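Single-structure report; data block below.
So that you can tell them apart, the chains are marked A, B, C and D in the order they are listed, and the count of residues begins at 1 in each.
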Amino acid sequence: MGRTTFHTDPVEALAGVADGDTVLVGGFGMAGMPVRLVDALIETGATDLTIVSNNAGNGETGLAALLKARRVAKVICSFPRQADSYVFDGLYRAGEIELEVVPQGNLAERMRAAGAGIGAFYSPTGVGTLLAEGKEQRTIDGRDYVLEMPIRGDWALVAAQAADPMGNLVYRKTARNFGPVMATAAATTVVEVRETVELGAMDPEAVVTPGIYVDRVVTA
Amino acid sequence: MGRTTFHTDPVEALAGVADGDTVLVGGFGMAGMPVRLVDALIETGATDLTIVSNNAGNGETGLAALLKARRVAKVICSFPRQADSYVFDGLYRAGEIELEVVPQGNLAERMRAAGAGIGAFYSPTGVGTLLAEGKEQRTIDGRDYVLEMPIRGDWALVAAQAADPMGNLVYRKTARNFGPVMATAAATTVVEVRETVELGAMDPEAVVTPGIYVDRVVTA
Amino acid sequence: MSALRLDVTGAVEHPEPLDRAALAARVARDVPDHAYVNLGIGQPTTVADHLDPRAGVVLHTENGMLGMGRAAREDEVDPDLINAGKVPVVEPPGASYFHHADSFAMMRGGHLDVCVLGAFQVSAAGDLANWHTGAPDAIPAVGGAMDLAIGAKQVFVMMSLLTKDGTPKIVPSLTYPATGLGCVDRVFTDLGVFAIDHERQTVVLLEAYGASAADLAERLGG
Amino acid sequence: MSALRLDVTGAVEHPEPLDRAALAARVARDVPDHAYVNLGIGQPTTVADHLDPRAGVVLHTENGMLGMGRAAREDEVDPDLINAGKVPVVEPPGASYFHHADSFAMMRGGHLDVCVLGAFQVSAAGDLANWHTGAPDAIPAVGGAMDLAIGAKQVFVMMSLLTKDGTPKIVPSLTYPATGLGCVDRVFTDLGVFAIDHERQTVVLLEAYGASAADLAERLGG
């Protein structure tokens, strides 16, 4: 058996979260959003957090509730502005939150680089745009690229469909999105699952996230 | 349906291979080696090839037969020297074949970069060694890295377990190895499979190589 | 600002402008059979309704699916199965799922044949502006726009030719912040279909709709 | 050549040298419970035979498997299921497969706890030589050695302390071509177990087997 631990209490599963930590939060819209873990993160009381996620929260639940509770110093995301992202909008316009906008593919690839031990990479995305300002540019084989650095998390909060006792994960449909990438890019990865299955019940060919990337699992 | 075409004749499936082409050949030892496609490559008569593969052939079949037929100008691989790699050894010692030795992880990642549109990347592997000589080095966050460039193929020859009519692929156990990476890194990817399954018979969650990467399938 | 480099010789003229549905159908006509295609959020999504199922076009959505199906009916909605616009869709046979890094690798590696995007502006060099109005109080939000802009063998833009106040959206050079440089290949609008000739950095009018080629040349200042 | 920086104070002395099986068992003792471990080709592979199944150690093989099982018996051989040494193995429950880029990403991203490797030489700085003798007529072949050398939280080396002609393989600085710099943490040999103190660039003798600490210091020229 690996070293993945299993928890029923999501707050217990976040033991160790500290002020100033960087937290990768999975999900694209609500699909794959680790709702229980985000709520638990609020409960921990940790503040001055950097949140890395595709969006910056909707309405007043989940990430938006975390923002509203003033726990977040900085958001790194691709798309903060949504129909009902008024909590983020208000904090941003009041100058109370820092924002780093990253093209969605660079966001995913920068986390993949962190997980894969890549020091930096040249991306074709964003060349010649505001989001490449101040970044090193390089022409390789006649094409222009921008140097992008890894994004590492102290924590990754991920939602998956099922875990086995080794911590191996499968996801469901497009709820997979950022989960498998974030799981590789954090010092500690915490995963909420809908079901746990017995050892041997998961097809080894179909495992998406091997248990080595999964530190703690919160069961349903 | 995608544009993947299905063939029974492996030589027909290699129509278009030209002298001087770069061919990525899957497999780690014999696991995942596209034996029928390598034999067909010999039959095409194409010469002056660059072969990218983990090894450089064993005995006198497969890649070794291709080498023995003097069709290969250059081999890019991680481990040319094996117990019975005498065909390669002889050509190399006679100065009749060029060799680029690449650490196995860099070999995989350089092909991944080609498939993913990454211009180049900084790798921690090989720093301070003979294999990094002449390569750009860079210190990032206190760690040293070597700049590695993508490896692109004109062709990828891959063996998989099964294909569906969309060209989606699954592999079997450790025969997966380089196949999914090479399939992304070539202008034309040709795959030999042991079985074909009906549309809808492959679990969309378990597809390893989506059909977009598969141009031609050779059926059993 | 210098004049737009525009070539209207050889344009075919049609009597009526294209309404939204006709425009979507016109874009669909230029999508090759068996192409792998990403349709951007909003108007580009409607192109799917005009693709002949027998043409075998395969849709990609950047949130991790190839072979994406149509929008889900109410009784088919599955919150785990959405497109990039966060609209529930269905899973046809032959689909596959992958994670976000693999999905954008597929896009940026140049494996998609066509990407269809909306735009604020397109320049004669094929530069695209579609992510930011440049207004000083706007909250920046890019999503996948910059990846999509450079991530397909052909990038199609679909938009109205003129803003509400009549200003052309095909311009000599961008005044809005760029999404990508030199990336647009074809521009489909209500009044005309244009190709970008990257070598000549010239906009070539292929078809005019509800206006003569000469009219369009005058409106665009070319 | 300067002298080896060696610290033998505090070493525990054992009367007998370690034979190959005892050495493998000694390495196994230092592998933490529940660790994710890659065992290099050859002698390091034998460490698996000495891991207590209850310790929950999970084996990685760089050709794309986590949770690798023991060597296959003759009736269990499956040509699709091999380890990095190309030896057939079995698939225990809880295993998973992945492709080569994902497998080396797992390694280079620092996710493995321990990697056990053979070596020609280890320097006081923790530099490793294990891929090339430097002989001018040798055909270079690196495999995964350079990735393994830098790809685990802890790198263990397992070797004889002396060559057949009695030359120490722990050296002030490498004379063979390097596989990785500053990467070795611990060296397990028939005559002694050593830690590399990276800050002091010093080899620390932890345990001596079949020789006194003073004897080893003399042999190593420290």
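Rule of thumb we're sticking to: contacts are C-beta pairs under 8 Å (C-beta built on N, C-alpha and C of every residue); 3 or more make two chains touch, one makes a residue touch a chain.
Predicted model only: the values in this text are computed from it and were never measured.
Student: Shared touching chains for subunit B and subunit D?
Tutor: Chains that touch both subunit B and subunit D, as defined above, are A.
Student: Check A-D against A-C and say which one is joined by more contacting C-beta pairs.
Tutor: A-C is joined by more C-beta pairs in contact.
Student: Hey, which chain ends up farthest from subunit D, C-alpha centres compared?
Tutor: It is C whose centre lies farthest from that of subunit D.
Student: Taking each chain's centre as its mean C-alpha position, how far apart are subunit A and subunit D in Å?
Tutor: 35
Student: Can you compute the centre-to-centre distance for subunit C and subunit D, using the mean CA position of each chain? Integer Å is fine.
Tutor: 55
Student: Subunit A to subunit C: how many Å between their CA centres?
Tutor: 29
Student: If you average the Cα atoms of subunit A and of subunit B to get two centres, how far apart are those centres in Å?
Tutor: That pair's centroid distance is 33 Å.
Student: Provide the list of subunit B residues touching at least two other chains, using ranges where the numbers run on.
Tutor: Expected reply: 109, 112, 116-118, 123-124, 171-173, 204-205, 208.
Student: Name the residues of subunit D that each touch 2 or more other chains.
Tutor: 91, 97-98, 104-105, 107-108, 151
Student: Write out all the pairs of touching chains, ordered by chain label.
Tutor: By the stated definition, chains touch in these pairs: A-B, A-C, A-D, B-C, B-D.
Student: Where on subunit A is subunit B touching in the complex?
Tutor: Subunit A reaches subunit B through residues 109, 113, 116-124, 138, 140-141, 143, 145, 149, 170-173, 203-206, 208.
Student: With touch defined as at the start, can you tell me which subunit C residues reach subunit A in the complex?
Tutor: Touching subunit A from subunit C are residues 61-65, 78-83, 86, 91, 97-101, 103-105, 107-108, 127, 132, 137, 139-147, 150-151, 177-181.
Student: Which bits of subunit D are touching subunit A when the two form their complex?
Tutor: Going by the criterion above, the answer is residues 34-36, 56, 58, 60, 66-67, 91, 93-98, 104-112, 151.
Student: Quick check: in the complex, which residue numbers of subunit A touch subunit C?
Tutor: Those in contact with subunit C are residues 28-32, 78-81, 88-89, 92-93, 99, 101-106, 108-109, 111-112, 123-131, 144, 171-181, 208.
Student: For the complex, which residues does subunit A have touching subunit D?
Tutor: Spelled out, the residues of subunit A in touch with subunit D are 1-3, 112, 114-118, 164-166, 168, 184, 199-200, 202, 204-205, 207, 210-213.
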